[in-house]
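Heads up, there are several structures right after this.
In the two complexes that follow, chain A is the common piece, with chain B as its partner first and chain C second.
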Partner chain A sequence: MNLRFEGARIVGIQLVLPRREITFDSEIDDYSFTPQQSAKLKQVMGYDRRRVVKDGVTSSDLVVEGIKALRESGQLDPESLDALIVVTQTPDYLIPGTSYIIHNKLGLHQDMLCLDINQGCAGFIVGLTTAFSLLNQRGFKRVALVNVDVVSRLVAEGDRNSRPIIGDAAAITIVESSHLTEPIYGNLKVDGARWDALMIPAGGMKIRPSAETAVSVADTNGNTRALDNLIMKGDAVFNFVMQEVPSMIEALMHDNNFDLSSVDSFLFHQPNPFMLRKLASKLGVPLEKMPIDLVRKYGNSSGVTIPAVLCTEFDVSYFRDPKWICMAGFGVGLTWGSLLMQISDLSFVNVMEI
Partner chain B sequence: MKNILVEIIQSIRPEIQFDTDQDTDLFGLLDSLDIILLVEEIEKQIGVCIDADQIVPENFASLLTLEAFVSSQSK
Partner chain C sequence: MEQLKSELCEILEVSDLPVDLPFENLPEWDSLNALSIISLLDSYGIQMSAEQLEKFPSITDFINYVFANKSSR
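Right after this comes the complex of A and B.
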């Protein structure tokens, strides 16, 4: 579906990274790679360093520290928020939603909406789309969009496909109504038929966690996982991204009469450098306009990667003059979506470590 | 071409055995990581460029289909 929003702008973004860094070299004995394969994977896939939380740290822990820092620096008055949207696949509890935990820990006021969305790698696009939709209502003037995941706690130690790139992070994006902005264009697609391409089988109501679901089983490709762990059908996800993302971006440009060359920066979800290089090549986008190496430095933090790229590659000075930004998210669902919007005059672009 | 491809595949998955007289089914033997490494090596060693939408199972189903695909790219 095609989207168009007016009267909304991003005010600022705060990225929260765990201070704990894990290197691929330190875990290499956990996987069944030959030394030659390991060297190639480091180069091609970006298996190198990733940030992960310590045992026991939850999604709300990252977010609360991030919003507290914004409050203490005077960059955000939490009392001004009309909504808190939390997009995560790793909630603190099944019930209630993590937004309520954050609301409590921060002592936020009662005259607001708390909303939880279960989304992963398309979570920044889905979250912004929801925030922009709320801002079309008169009662909503300022929304905090939170993207957070601590998926490292759910990845099997012997999962050679996923674990070497999985990182944890949170991003707090403040969005508010504005009369001074260009329209925001977007599109969003879902294919529920491929729901099991990315999943954690146990833990919900269908399969309750038990001693049996914790038993690890090896697959034919050298991965060892339990039903309690993240399972990614790598082939299916890879084919999905290569098939759907280029045409999605081409449609976004075509349907809105926008020239790809007029985009200043392409901020895509960061699965790995290889896939991003292929997407850039297919679209004819120069790599100077598309950061591809977030995974190598911080890991793939699901729905946080787009704001993470923005915060680690740019600062407020880049956005002093308006910039056309094309964002794309793709993953669990399967879901794929993109936004084309002008970003300018950001109040803050922060990176903090906890 | 076939020999180069066999060498590349065996550098990634040494356990895969090839019969010189017959096609070798690759479907199910190579996972997505293997395909990525394979594409990188083919591009580097054979000098072809493989587009995003060409990295599909049909092109990597067997040694013969892969050979035909890479040959078509190098023309």
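Right after this comes the complex of A and C.
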């Protein structure tokens, strides 16, 4: 479906990264790759360094530290928030939603909406779309969109396809109503038929966690996982992305009479450099306009990767003059979505480590 | 066809393509090779899962399939 919003802008983004860094080299013995395979994976797939939380650290821990830092620096008055949207696949509890835990830890006021959304790699697009929609209602003037995931806690140690690139992070994006901005264009699509391409089988109501769901089983590709762990069909996801994402971006440009070459930067979800290179080439976008190496430096933090790229590759000065930004998220659901919007005059672009 | 063969040699890092073997029997065969070939197929307009790729009785059968089904390039 095609989307168009007016009267909303991004004010600033705070990225929260765990300080703990794990290198592929330090884990290389867990995976039984040959030295040649390891070298190729490093070069092509971006197996290198990733940020992960320490044992026991939850999604709300990362977010609360991030919002506290914004409060202390005077960049955000949390009492001015009309909504807190938390997009995560790794909630603190099954019940209640993580937004309520954050609301409590920060002592936020009662006159607001708390909302949890279970989304992954399209989570920034889905979250922004929800925030912009809320801002159409006069009661909402300022919304905090939180994207957070600590998926490293749910990836099997023996999952050599996913574990070497999975990272944890949180991003807090402040969005508010504004009368001065260009329209925001977007589109969203879903194919529930491919729901099992990315999943964690146990832990919900369908399969309760138990001793059996914790038992690791080897697959034919040299991975060992339990039902409690993330499982991704890498080839299915690759085919999905190559089939759907370029045509989505072309439709976004065509439907809104926008020329691809007028986009200043392409901030895409960061599954790995291999897929992003291929996407850039299919779209005919120069790599100078599309960062592809977040995974190499910090890991793939699912819904956090788009704000993470923005915060680590750009600063406030880049956005002093208005910039046309094209964002795309794609993954679990399967869901794919994109936004084309002008970003300018950001109050803050922060990276903090905890 | 020579183009596809040389692309496969590059991905598999071999100078001589063992055309009579299935992919799975190659000594260095792994999921990254599979993904690289799936990615290559994308440029021939073909989508294939890793499992389908590994089911071809030989690389020759695979090459014949690509030429019978390619849609662009």
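As a working rule, the second predicted complex is superposed on the first by the 354 of 354 C-alpha atoms of A that agree within 3 Å, B and C clash if a C-alpha of one lies under 4 Å from a C-alpha of the other, contacts with A are read in each partner's own complex, and residues count from 1 in each chain.
Please note the rule applied: a contact is a pair of C-beta atoms (placed from the backbone, for glycine too) under 8 Å apart; a residue touches a chain by one contact, two chains touch by 3 or more.
These figures come from a predicted structure and were not determined experimentally.
Legend: residue contacts after superposition of the two complexes on their common chain; A:Val237 is shown touching chain B, with no touch to chain C. Of the two partner chains placed by superposition, A:Arg49 touches none, neither chain B nor chain C. When the two complexes are overlaid on their common chain A, residue A:Leu279 makes contact with chain B while staying clear of chain C.
Of the two partner chains placed around the shared chain by superposition, chain B is the only one that A:Pro246 touches, whereas chain C remains out of contact. Comparing the two interfaces of chain A, the one with chain B and the one with chain C have residues 34, 36-37, 40-41, 44-45, 161, 221, 234-235, 238-239, 242-243, 274, 278, 282 in common. On the chain A side of its complex with chain C, the touching residues are 33-34, 36-37, 40-41, 44-45, 161, 221-222, 234-236, 238-239, 242-243, 274, 278, 282. On chain A, the positions that touch chain B within their shared complex are 34, 36-37, 40-41, 44-45, 160-161, 220-221, 234-235, 237-239, 242-243, 246, 272, 274-275, 278-279, 281-282. On chain C, the positions that touch chain A within their shared complex are 13, 28, 30-32, 34-36, 38-39, 42, 47-51.
Of all the residues in chain B, the ones that touch chain A in their complex are 11-12, 14, 28, 31-37, 39-40, 49, 51-53, 55-57.
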